[in-house]
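Pasting a structure here, questions to come.
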């Protein structure tokens, strides 16, 4: 029987390409009887274009966007990939000790006003009566640029994607708070995977078995990356650094982010956080739906 | 082959919005081998008339019938050469079939041999005008239109070129229309002279010259010129009285 | 006030790479109130000489001394008007201080009243040349340089403008340099005539005219012209023999 | 009239295309209009448009004036041309992204850095166009101005400028469009407002109606400026040109 | 000679600046050169540069030829101008990002979509420049060509084209730079190779030496083409112009 072909859109500098490298190196794709057609792309948004243009079956995005698309008519669906979220980083010697100290400071926010981590942080601070948007000076910008600016000392604090935080950490920055750490206060019962594999519902229905094998295969790859440092050796060249400390941070953070909860637990927490996000981000962010769209999570994987 | 001109009027609207009547009704015809000469005050509408006759301006009242498929040779009032092509190229571009001997002959007559490879920007005005003449001759025209072709040339050269025009006209059945301010040129070259009024131009007088061109000696020419001058003077006097 | 010209040579290198000697040694001077006339065959180097004299071309051997701060009025061989400015603006731009009465007078003399608001593209060549004349007169020049100013004008108008030039020259101490192909113009306007050789131009003969300009009647003029014509003919004959 | 008709035709084609390929691939005009109205009512549209227009205006004026001056100089003075040419080619062919990133790195995530970066991106194209225009100047008119001792500024204004006008027009039109393309990148990478910022957000959400709403609003603004201001002015300025018979 | 000197000056300034602000803010020339050599040795440089150059060449030729033709038509025929103008302004002022995204969505993440999108971005600037050039054409030479019954093509080639040459030169130079700016966006958003792709990756990793290495390699290619091909050709083509005295 010929292998099923799955077309993937992957950001070259993203962690998905680490996973794929592991899969290839260990022949997991052949084992799962899948043929992976990978399109490497240079930016995050390119995956969405590939999907919309019909050039990819699976790409990475978050449930927030999937739900929004569903409410607008595109029947996409989501399966957890990583629970790693951004973090607020400050220089080691910074006088900022708690999130509340961010008041009156210059805070860099990567990914713009609709970034999940940023919205969650705002919601958390609101609980303490702090409106960060007006109480602090917010600087939006491209993640790599803001990371460089943080290193420069132009920012008092910065909220960036986890991989950039890892870089800062390796350069001696202090982790003021990870966004995953504030989730419980917002009502989540455990780590929530914001990022996941996204694919079309109808396509998935037609390739139910292939999808299941795909997910099983990625689980194996993740497991390898958790257990085997040899597997990490293969990934190291893709991270763009040769610095041992930074590599270690990358590895630890990646391992921390691997989703381990049941899909129903994930969905329940996502539902809670969605309400929080909808309140902060408004209609612009979530679209017309006040609740997480019921079909957002993909449930047809055996073993969940 | 016949050129029929029957213009009933031509008006320009200037950019400032005023209208100027430039041509009053003008009507004449010209046959093959004939040289018609237009003489009239500066700004009266001669060049405008030529543009209409050549089909460059369609915005007029009246009708012009050109012989169909007539090859046209034209010397504009300014040289209108292509600045980015050499003298030789300027000529060859409008007359691609011309053979080298013919071209060499033309350049010799017009004293342009030394300037073949020059660009128009490197010519004196007189030289540029001669190139324009060479271009018009090179096409071996059926209809030759010359707008003050001999201005800016010294008398000796102008005289020689006048001879050349006469030779050309004699050698082939060319219809020629010549605009000039020089009565001398008019009388030496023309078969019929049209004297035009100031703007709006109309034909004040049409004067045929009966003596064939090659039979006109200096004495005849002087006589005709004297006759014409007397005529215009009496006319002017007549106008002054009225 | 004196114009001293002492050019020892001028060579052009054409785009094709050839060199052309355009001026041989030429030396003359001109005082205030004097009219010098340059007469020479087409393409001999007259305009080039004028450009050197006016300081537009510095790439020559020799020396030219212009009176310092002399206001210059120039009629180029082509009108060189600004196509995007009206006739009136073209004049006013070079002579901003001119008063309205003076301007109106100029336009009346040159028969340009109807064309004040026209753009140069809407003028006949003769009209454009007249605008160029108006411009040169409007600056009330100390040094007036005219490169064939009366070409493309009808005889009657040319005659009237010749009178105007004479009047201007008489009314103020203007140095005038005139290039013309018309012996008639030369004799009627000039104080000293310079006859130039073909390229490279040198002065073949310098002919002063002793009779003051306003004393020259038709008879005197005819006599001078006849004398000049005899002279050039004998010279030509002499050259042919040698 | 014809312009309006042509515009209507554009809308019609768009609408029909949208009906054919579906709203997901191409939102229909009413969908986009609805977003526009929504954004306008909330005031966000004017805020962002205003911010962007201010940046565009500043960078455009800066780049056009400096670029024209340099281009004129390079067209006139051979030495300046030889000296400046390699720099010019380099600047022309430096990607917008690189210039913007470097500007932000050096001058901070500031308004000044953004505007400078945008201007630097546009500058060389203005230089190149004006240089060509200057090289094509008519020397005989220059000579006329010299002979008549026209003061420098008057000669420039009346003799040179009208000859450069079509080049300036070309540089301005294509330059405005370039500035607009680049301001979006600059806003995307490091500004907290502006149309580029909004387009970035819309892009992250893959919200095509919003993407189009903001893009088209700017185009509409330019269209209005062109129709009401630039073209009447241009018609007046080129009145002197002989019309086709 | 002067060009080389000027180029050396550029390197010197860069180097000194790099020494002053430090390698993190501005990598020094040797650092960038080293990356270039490394990428060249691995063959990646040629792969990506080749892919980008092919796209640039195709899109450029497409946009220039089509844009020039449309611009000429709009400059000549008033009706076409009136009709096309609103479209032109719209196209001019549509952000590159939007055009590229729409093209990819409609035509898939294909090479053809990328090239079409890039060409569409450049097209209107060529139209605008050529339209200005066409409007400024000398009618008296047209009349000459008509009177002498020059065949259409010959008249176009010898009478019209030389007058348009400076406009074409301006459109080509600034157009090439625009195409280059846009190809990067197109590669960033949906191509798996090319300089834009590499620059995107380098940006994500904030690898400034790599960013500069790729940017400057392209600029160097253009510089070489300009020096060896375009400028000698241009010098020949404008030989006729009277030089300054």
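Some notes on this structure:
So that you can tell them apart, the chains are marked A, B, C, D and E in the order they are listed, and the count of residues begins at 1 in each.
Everything that follows uses one rule, which is that a residue touches a chain if its C-beta (ideal position, glycine included) is under 8 Å from a C-beta of that chain, and two chains touch if they have at least 3 such contacts.
Given the structure is predicted, the values throughout are model-derived calculations rather than measurements.
In this assembly, A is the chain whose CA centroid lies farthest from the centroid of chain C.
With A-E and A-D as the two chain pairs, more C-beta contacts join A-E. Centre-to-centre spacing of chain A and chain C amounts to 85 Å, using the average Cα coordinate of each chain.
Mean C-alpha position of chain B lies 49 Å from that of chain E. Centres computed as Cα averages put chain C at a distance of 50 Å from chain E. Touching two or more other chains at once are residues 15, 51, 56, 78, 119, 122 of chain B. Residue positions 45, 52, 142, 145, 148 of chain A are each in touch with at least two other chains. Counting partner chains per residue, chain E shows two or more touched chains at residues 101, 105-106, 196, 199, 203, 239-242. Put simply, chain E touches chain A in their complex at residues 24, 101, 104-110, 113, 187-192, 196-201, 203-207. Per the touch definition, chain A reaches chain E in the complex via residues 11-13, 39-43, 45-46, 49-50, 52-56, 142-145, 147-148, 151, 240.
Those residues of chain B lying in contact with chain E across their complex are 51, 54-56, 71-74, 76, 78, 80, 82-85, 89, 93-94, 119-122, 135, 139, 145. Of all residues in chain E, only 2-3, 5-7, 10, 21, 25-26, 79, 82-87, 89-90, 92-98, 101-102, 105-106, 121, 124-125, 128-129, 131-133, 135-136, 139, 166-167, 169-171, 173-174, 176-178, 180-182, 184-185, 196, 199, 203, 208, 211-212, 215-216, 218-219, 222-223, 226, 238, 241-242, 244 touch chain D in the complex they form. On chain D, the positions that touch chain C within their shared complex are 140-141, 143-144, 146-150, 154, 158-159, 162, 237, 239-242.
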